[in-house]
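Same chain, two partners: chain A is paired with chain B first, then with chain C.
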Partner chain A sequence: MDVMHQFELYQPSSISDAQAILRDNRDAWIIAGGKDSLDWFKTRVMQPPAVVDISGIEELHGIREADDGGLWIGAMTTLTEIAEDAMVNEKFPMLAKSALVVASPQIRNIATIGGNVAQDTRCSYYRDGFPCYRAHGNTCYANTPTAMNREHALFEVSRCVAITPSDTAPALQALEAVFEVQRGNRTLEVPAADFFIGPAIDITRMTMLERGDILLGIKVPGKWAGSRQYYEKVAERQSWDFALGSIAMAAQMDGNTIADISIVCGAVQCTPRRLRDVESLVQGETVDEELEELVKRVAARGAQPLNYNHFKIPLMENLAMRAIRSLA
Partner chain B sequence: MDGIAPYDPTTQYTSEPAIKEIGPEGHDIPLWKPVNMSRRAFLRGVVCSGTVIAGSAFLFSTATKARADERAVERMIRLTVNGRTHTVDVAPNETLAHTIRYRLGLTGTKIGCNHTECGACTVMAEGTTIYSCSTLTHRVRDKEITTVEGIAAPDGTLHPVQQAFIEELAPQCGFCTPGQVVSAVALLQKNPKPTVDEARLAMSGNLCRCGAYDHYLRGVMKAAERV
Partner chain C sequence: MAYKLIGKNFTPPDIEAKVTGAAKFAEDFRADGMAFIRILGSPMPHGRVRSIDLSEAEKVPGFLAALVPDDIKQPGPAGQAILSGNPRFYGEPIVAIAAETEQAAADAIAKVRLDMELLPFVVDPIESLKPDGVNALGDGNIAGRGIDLQEIKWSGRTFALADEGEMPRGEAVIEWAFGDLEQGFANSAVIIEESMVHASCSHHAMEPRSAAAWWENGKCHVWGSTQSTAFAQPGLANLIGIPPSDLVFNAEYCGGGFGGKAGAYPLMALPALMSRKLGGRPCLYRASRAEEYDNGYARGGFQGWMKLGFREDGRLLAADVFAVQDQGTTAGFPDYNNLGSAISICFQPEAMHFRALPVLTNTVPKGAQRGPGENQAANMIEPLLDKAARELGIDRLAIRTINAPGGGGHDATIGGDQGPVTSAYLLEAFERGAEMFNWAERSQQSGQRNGSKVKGFGVASAYHSAGSNGFDGLLRITPDGILHIHTGVGNLGTYSYASTSRTAAEVLGYDWDHVVLEYGGTARNLPWNLGQFGSNTSFTMSRTNYVAAMDAKAKLLEIGAMMMGGEPDDYELQNERVVAKADSSQSISFGEAAAKALELGGRFDGSEVPENLNPMTVQAASAIAGTGLMGVAKDEMERRGTVPALCAGFAEVEVDVETGRIEIIDYIGYADCGTVVHPQGLAAQMRSGAIMGFSLAMFERHVYDPAYGRPNARGLYRAKPSGYLDVPAFQDWGAVDEVDFQNPQGMKGIGEPIQGAASAAVICAISDALGGHLFNRTPIVTDMILNAAEGLPQSYNPLATNTV
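So, the complex of A and B:
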């Protein structure tokens, strides 16, 4: 049985306490729901000497209405709470849907949105403890002629070919969410586009969070509240599994024409991928078969498939097309 | 050619066993005396003696590592499981499944994959289902835990879910059943009249290797008519 290594566990009840603990323990590891972290500990790939459970900090919980008609979601709010929340379902149904398709009910009951966006990639080589680039090594095991890389990236590969595992991340980026990060005495407000980082910026991290940073909450602006939204996740199994592709779309309609649109694809690169080509193509257009065909043509433009992930190109094209078709 | 001869089953290769102890009456003293004990009772005995040893080790020695940092969690905690509050010694890196199985002896909760991937370890923490194999006990120490042992009535009357599962032949090998029962009971507590799709979603976190999903689903729907 996989027994975890020994560590000191801290359960601070305030952010300042948590920060003090993180200052004193340089190698401390923050856990929220612990669903990603405990896996790391059980396989003994990661063995931090100190673990800080921040789920007891009251300020990090809850969903509140913001002045601009948007919502503020505490980082420690569980995915079940988000999926079932009336305000989220009314304003941002796609966010509720994206929280609902994560893993399984028991995981959603304890896993948090903060943990979901900050979780590490699922590349099986990296997870198994291979000394790859991401693990401070000097090679990529997933991008070799014989490597198993069906789940890996199509775009923006920079040595590492891992993809974003989060289901809520594409939804949050499509809604142009802003992440509140406590760094020292400052509270940073980081747009989703900057919060998720690719290997070209830092190959060992998935987000801009640094050691000692605490994600406080996520502001979802009112801009897309009540707009037409679409979310779809494709995975091998309907339960538990991580996405092979996902699409998140929010659109403002002006009669039959698309006035404004934000569309983001998940699981095709290290960060959620905003489909700018599709956005500029469909802006001001009415949805018909011709447009759908054009969307299909541009959605995956520039993709550079690896050995086993060519299937993701038509998958991505069809997901984008289905999102646009939902506006007809 | 001389050398190692081929294996001959009639040859005694190993040396004779040590001289047998002879009792006063002149016959062998059995080294192991079979007792009439069920597997479950045996396991419980092992668990309990382990708890006693661990407990006395904690009480009567300084072997327990003192916390290096006063702010870290204490090991002795109070944990409420199935309505009973226990004082238990819980390591910081201990999972809830470990605590309830090996410290409290409630072996109904199974550890299947130990990686949040199967659902055999499902328990309820204040009405919501969680995977106990991947939840630190300290994380839920303030919550009321219900395991499969706490589902039936104190007099042994089965919960409608358990009864329906038996009638629908839901358990095949039975290893996933405790988790399935807990998931189904949690669903019916929240939503006494679920649709088939709602039930399917609520049960989607429990794997059944025998593939008896339809049986479990029929069991849930049948139980929903009775609660």
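So, the complex of A and C:
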């Protein structure tokens, strides 16, 4: 329809004000950059009566160096700010790259890291308002004998076959980021692996965020600062497109040997997928053609393709292989 | 020939407004008291509206009025309604509501309750042709231009005779042939036989088809988005239900058309009908992006089969072509005819058999899109030429040059009747393009590997008919000496409304600074001109401006003789003056001649006009009669044969076999467009047309889930037209620049084959990088490349359509 419904707009300037508004408006929707939210509103698939714009809360903005050599990134920090930040580029270049490949410059100038990790899936059936499981219905329209599911999941399907659309999520998970969430009077520190949730946990959400929760910021620990890093996104187009597959890797090298590694694949399941088989395979190894071939063999094991997405298996295998190859 | 203006760069008058944002598009129109319209589209691919309950909608504050299908004159069975009670595709408009604000209109639309019955639907033409297949329109599954709605089903035997993945070939409604096909195949050293699919694709116009309208003093005023100002007026008047003379139509800018806004279309009439219901109150309909995808037409896809026979040297001896076009829900556009014509002219087969069938589906209506049929032909057949060349062991350029029409095209023919062409220099385009690209050396790097990237090279050509005649030219010289050229061409963005007007200025010897273009709306008194589509503008409109200018020239010389004595032949035009040939000191200015024309009246000032003019031109001339010396005439110059626009394309790509990513390293297009009129404009066309070709070859998605009949690619990010990072930063180009003798200044069009040559060259280059792998499907997208590179089967059935 492209004309949003009418709603009450709140623009608090502090966390406490935002929380008070959220307490008084239990169906309120938090909006950050709005690049996901406004799409929902314009199609009127989502029509929250109240919208809380948290962009005016100063403490949610910015990038700060942490004591452990890592960084704290405010949830309202834009993707452009992250992509261009000197500290991010120095310590965590793959995070900078993952922010740089999101959508287009115009979108990155508005879109925030908080919105990017918390955005909803882009399953076309769900976005078009089909009454699917994720929309409280009782069918997955993307997993029928005729469904158009080229972009959908290879792993951890539980009724819903939607995937994570976030480009920064695999990078943050590979960097073992911790998400700071304000829930009532408590500030939760949630590891990335727990922040993103699959349909088996809650089919209506992509993250652990509940109504009333506010994502404050993301701590990227110093553990992987300055490590060897690799990020690659494969999409149809080089701008304004969601990933068909992506890979994020951080590795500590001991000479030519891989001493420690964290490697995560995006766009193959509802959450970023940590490739533990690859990690256990390459730990303590030196990169050579045989290792690359073995990586390729294990990277996508267990994949269960749908009608149109078996190409994601070699894509995933190749992306993992390319990441490991970069350590040679 | 040395020209003062033709072949020179200039700044068209609308550029500044476009660059600064001052340009006013249809949805920028605002008026006091304006009402806003929103529409409700069909929630199902085929249905019947049992009832429409507006009771809750009417309660929305600000609600003003609603239109429902019963309020609207309905078209014939394969036509497109403004509002339909029997929607045949998802999103087809059913109800329109006007309200005080756009918000209120949208809120009221959300309150409309439809009671609908779901009817059987089909999104795959071949499914509809099966013995028990669904008819998209209930009464029939076949319709096209000049083809009445009818039902055709192929027998079970027809389907059984086709191998798995092979295109079945049953009854066709279009069939023609020439030459001895059997003998051609018998004499062939290599025969290539393949089935293939070409996807449909949306137009992706940046400006959706918004429109505004109001009524005043019995006239209907419409602001619309169209490629074709004058040409759109009669059709729009018909949709509104008024004589063309009662329509004031403004379409100064068009934010993208690509054939999807070639003329009038149903939604353009909606604000006028709503405004009439509201007593003439201004109404604006702003189409949303999704509504543009629902109602903005699409290029017709094809499922096809070709059998080609080649001599040892690559000469195409026999071509047997069968094509089923996805027509969507209306009679649409006859891409299928153009597909056959394109193959016949680009490759000049000695024998050819062509069959085609336009099949209706419950998908978005199909309309013309840049190179409709011709560009699909290029994408479908060019990879097969590569396969033949490989099997024959000859160069892939050589197999094209041996077949390409060149040398002016005196022996070239086109179509089933093997008619003549006005000029053809495709061979020269190949030869000069190959030199510019350095094909001979570079193509030797084919298959060269750099890490996971493999080089591939492609060469291809494309065609479109590029000229018409029979339209009118209109201009006047006012007493201040200024030349006013009235042009109804439209402003698609090619600037050819301006470049073809320079023909008139050239004939009269004008400085461009002394010329005013009257364009953009019928209030500027426009002649009957062909629309800006079909690569026709340069040939057709330069001729109308030429005949109008020649009329003005004759009148100037006549007035010169009247004022200075002697005969018109004693005078010539120099520096905007009528000058005695024998004594250059004897002269009058054009302004003085114009003042004299006003004194003389009659044919000199437009009070009398030729009888053969179109009524639109007569009305325009009548409105400006008595304001200066008028030049007005219908183009009745000879046009014998088809005017072919031709283009050769050369591409280098790198295919990453690990990620499926294709990078276009280089592309050169080389055009046969007659005399180059406006080099800068042509350069822009060559590059942007090629980019659209890359998009067609590699990206654009047109997806329907057959179980629900709903489009899955309604939106720019889902439909994926190429972006700026997907194309080479720079493209070189060239033009043969040989005249077409049936245009006074040698011009012919070029807009459409530019795209087809680029898309087909890229498709061939991708195939080349993968060792000649034939995808037999356009576009070639990431999953297809990865599957091919890994030796995996493709995900889709070979003939499945609307899957990519």
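Operating definition for what follows: the second predicted complex is superposed on the first by the 327 of 328 C-alpha atoms of A that agree within 3 Å, B and C clash if a C-alpha of one lies under 4 Å from a C-alpha of the other, contacts with A are read in each partner's own complex, and residues count from 1 in each chain.
Everything that follows uses one rule, which is that a residue touches a chain if its C-beta (ideal position, glycine included) is under 8 Å from a C-beta of that chain, and two chains touch if they have at least 3 such contacts.
Bear in mind the structure is a predicted one, so any value in this text is a computation, not a measurement.
Trainee: Touching A:L9, do we find chain B (first), chain C (second), both, or neither?
Mentor: first
Trainee: Contact-wise, after the overlay, does A:S104 reach chain B, chain C, both or neither (first, second, both, neither)?
Mentor: Both: A:S104 reaches chain B and chain C.
Trainee: Of the partners chain B and chain C, which touch A:S55 in the superposed model: first, second, both, neither?
Mentor: In the superposed model, A:S55 contacts chain B only, not chain C.
Trainee: State whether A:R322 touches chain B only (first), chain C only (second), both chains, or neither.
Mentor: second
Trainee: May I ask you to decide whether A:R44 touches chain B, chain C, both, or neither, giving the answer as first, second, both or neither?
Mentor: Only chain C; A:R44 stays clear of chain B.
Trainee: Is A:Q238 touching the first partner chain B, the second partner chain C, both, or neither of them?
Mentor: It touches chain B and chain C both.
Trainee: Give one of first, second, both or neither to describe whether A:D17 is in contact with chain B, with chain C, with both, or with none.
Mentor: The first partner, chain B, only.
Trainee: Please work out whether A:Y308 is in contact with chain B alone, chain C alone, both, or neither, and reply first, second, both or neither.
Mentor: second
Trainee: Identify the residues of chain A that lie in both the chain B contact region and the chain C contact region.
Mentor: In the superposed arrangement, which is not itself an observed complex, chain A uses residues 1-3, 5-6, 42, 104, 238-240 for both chain B and chain C.
Trainee: In their shared complex, at which residues does chain A touch chain B?
Mentor: Within the complex, chain A contacts chain B at residues 1-12, 17, 21, 24, 31, 34-35, 38-39, 41-42, 50-51, 53, 55, 80, 103-107, 109-110, 238-240.
Trainee: Which chain B residues qualify as touching chain A in the complex?
Mentor: 67-69, 71-73, 91-93, 95, 111, 114-117, 119, 122, 128-131, 134-136, 138-139, 183, 201-202, 204-205
Trainee: Give every residue of chain A touching chain C within the complex, in rising order.
Mentor: So the residues of chain A in touch with chain C come to 1-3, 5-6, 42-44, 104, 124-125, 128, 141, 144-148, 150, 232, 234, 236-242, 244, 307-312, 314-315, 318-319, 321-322.
Trainee: Across the complex, what residues on chain C touch chain A?
Mentor: Going by the criterion above, the answer is residues 38, 102-103, 105-107, 109-110, 288-291, 452, 658-661, 699, 703-708, 710, 712-714, 716-718, 720, 722-726, 781-784, 786-787, 789-790, 792, 795-796, 803.
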